[in-house]
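One chain, subunit A, links the two complexes that follow: it is found with subunit B in the first and with subunit C in the second.
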Partner chain A sequence: MNPTRPTTEHADEEAVLADIRAMLLTLLEEYGEDDVEIGTTTTFNRDLELESIDLVTLAGLLEQRYGDRVNFAEFLAGMEFEEIIELTVGRLVEYVVHSLKAAEAG
Partner chain B sequence: MSGFLFAVPPLVGHINPTVGVAARLAARGHRVAWACPDPGLVRRLAGARAVVYPCAGVAGVERPPGLRGPEALKFLWERYLVPLADAMAPGVRAAVEEYRPDVVVADQQAFAGALVAERLGLPWATSATTSAEFTDVYDGMPKVAAWLGARLDELRGRIGDPAGGADPRFSPHLVLAFSTPELVGPTARTGEHIHYVGPSIADRPAAADFPWAWLDPGRSKVLVTLGTANADAGGRFLAECVTAVRERADRVQGVLVDPGGTLAERGDDKDVLILPTVPQLPLLERVDAVICHAGHNTVCEALWHGVPLVVAPIRDDQPVVAAQVVDAGAGLRVRFGRVTSARLGEALDTLLNDPAHRTAAARIRTAFRTAGGATAAASHLAGLAAGEA
Partner chain C sequence: MAIVDTGEIRLHVQRLRPRDAGTPVATVVLVHGLLTDSLASYYFTVAPRFAVAGLDVVMYDLRGHGRSERPPSGYSLDHNIDDLEALLDRLDITGPVHLVGNSYGGTIAFGWAARHPGRTASLTLIESEPATATWAAKLGGILRRVVTELAHNEPDAIAWITAHRSHNTARLAKGAARLARETTLGGDIPASRVLTEDEIKAVRCPVLGVYGGDSDLVELVSLKETLLADFRSVVLPGHEHSVLVEAPGPVGTHILGLIRAAIGIRPVGAEAR
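Up next is the complex of A and B:
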């Protein structure tokens, strides 16, 4: 893995939320949208109306940013049907922060 | 000569493709019949003399219009597809016992057809009227696939052969997909028994009168439709489409299908025509672009005529079909719930001005028209009945 913008700073929730918000805006901008509010309680399904095919794009953006320190595929693969339906931005932020801390510790 | 029983849900888009196939089989001297919870609907589409065995269905399932994505999928399975299979099973079984077909042709979403055939030891084919199941969008979410698999296993225990193991969505004998790999894309499921026959487009009884003289030969024409099953959610979207067309009235005319009557009509409007139904196939011969919800039938009918599309998927298979259109280069995707008239207009301008999308749509048109359609489907089914598959 060769992330284009390696992060060396300490993983903190605010920074990760800002990263993920930017990724989601990139994703939504492909559809010509730029005025979407995204916070930790925003849901992928109901609020952003993201489809499973959009998650593939998001996986690519996460990999560009964090390299192999964050395994989005594994995150999704572990989720129950209900959890996927209820998935929020906050839950993803939590997972990313947790993964980055684990990578720092390791 | 052989007998074929088509097990279909009471849904126009699932019955229509079987009508052409059944007609080809009958023309070769085979016997054809349907099992469906709505025999009247089959007779309306296939002709008053069609042999239809009634079965029970599920009534009054209203999906909240706001449901999307995986939530809509779960609702569809729990509240419609699985109960439909339970309800249809006794009628399908009775139809098989009375009609004695050689092959059951089971719609991909009418699980009862497949499971009953398996239980009775009959060869069965899958009729896949949408191609979305052929790309594994939930591939990366194994627990979703496991959940769906568990529902099918329970269902098999109730209405099928508990010792059987076939996935009722994919017959191990024969799968007829009414699309082609040129549209489904490089990740399409393949196999010796999977046949992409292209759309089965049959002439339909003419719908309401259409004011053909209204169409202005000096302007581009766009057809806006959300299909037959989405009247609940379309008001905002259709209104944005009207605005986008009006802003281009010097060069574009729009025909909007509005079955729910959500738009206000103006009298004597030379730019926008709003109708509850339209004769879609003849109209597609005359339009330059289609704006739609990416329903499989509308998309295939547009591409059958080489017309590029703006696709605004709402739910179910529509996001997958929309992605197929975009990946094939035959259209642009916008977001149904959020798109503005400005963005719709830009997408429309791109389709009308840039020949690339029209060229890609024409490529799919060629693929569709050489795939064999209903005739090829009938040949594969006859082969299965004759034990060649």
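Up next is the complex of A and C:
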């Protein structure tokens, strides 16, 4: 994954979605799934059939890509159990974009 | 992902350290439960908060679980305690540690504390108990059901769970069925060596029991009060066995309170949510 320098909010989200899609495909490859549609409304639990331990691996991939600007564990720790079950790719993209902007501003 | 090879087994370990990179005030080791559980139950609940509170947080997947190696056999309680022992040695954690165990993880943590009372600074048992003959019989019953009803009659069992529980529970059950089918876990755990009363009494550190108010483990509170030198318990109403993932806020607050008291820090509550 190459570092990206998007200039608009729209581009930000597109770039982050592309990053996260690539990370999820890496994870899904382990299960022999290499042809999966991933969009903003895709849910981690029901659509991608990811288990919570897969999300720990995803946390590691996010950290590799974004460093300590994005803290996925804290993001999920702030949620109710049901919210985690319903979590969508789009919600994670929003969180990552928000975190990156906060890091840039701060 | 960090894999630590203890020499016996390859274990998946996650470690969170205080964010300011200062020296941690203490080390806490979090041990998860059986079959459907993994270190994720801590990673996405209490662990980040413990790191913010200045603790060095160590989590690992038990053998056969999560991302750790799954050997076909070797699933007695003593195997699990040996793994924890070897892991701490491998990580060079030699000083006293604060142990937290959820369900079967608490039984493992208690077993480690009974072997190393001098190295246990505090112990939290979430919905959990020490290994006794009663414990082994109860777990034997649960595991027999998993093996007969789930592992060997999976399609029917999964269909029932999907209809009466949820898609997520059904998925977890599939994972549990696979573990029970591929390993000797179902027979090994009930056959584990259990602790004598003297071994239980050897644990002199502060022990906290956390229970869901609707869980049948609540009745253990009086048993532990008679055997343990320093035992207190908290009952969280409206919760059952999954109290850790359902109520991580209160559970985390009680554990931090115990750890702070054990290391002599007054509660500050600044980072409490």
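Worth a mention:
Going forward, the second predicted complex is superposed on the first by the 95 of 106 C-alpha atoms of A that agree within 3 Å, B and C clash if a C-alpha of one lies under 4 Å from a C-alpha of the other, contacts with A are read in each partner's own complex, and residues count from 1 in each chain.
The criterion applied here is as follows: contacts are C-beta pairs under 8 Å (C-beta built on N, C-alpha and C of every residue); 3 or more make two chains touch, one makes a residue touch a chain.
As the structure is a computational prediction, the values presented were derived from the model and not from experiment.
In the superposed model, more residues of subunit A are touched by B than by the other of subunit B and subunit C. Of the two partner chains, subunit C is the only one touched by A:57; subunit B is not. With both structures placed on the common chain, the touch criterion links A:71 to subunit C but leaves subunit B unconnected. When the two structures are aligned on the shared chain, A:49 is found in touch with subunit B and with subunit C. Contacts of A:81 after superposition: both subunit B and subunit C are touched.
Residue contacts after overlaying the shared chain place A:39 against neither subunit B nor subunit C.
45-46, 49, 51-53, 55-56, 59, 73, 76-77, 81, 84-85 are the residues of subunit A that lie in the contact sets of both subunit B and subunit C, per the superposition on chain A.
Interface of subunit B with subunit A (complex): residues 66, 68-71, 74, 137-138, 140-144, 147, 313, 319-320, 323, 333-340, 342-343, 346. Subunit A makes touch with subunit C in their complex at residues 45-46, 49, 51-53, 55-57, 59-60, 68, 71, 73-74, 76-77, 81, 84-85. In the complex of the two chains, the subunit C residues touching subunit A come out as 1, 14, 16, 19, 38-41, 43-49, 61, 66-67, 167-168, 171-172, 175, 245-246, 248. Only residues 28, 31-33, 36, 44-46, 49-53, 55-56, 59, 73, 76-81, 84-85 of subunit A touch subunit B when the two sit together in their complex.
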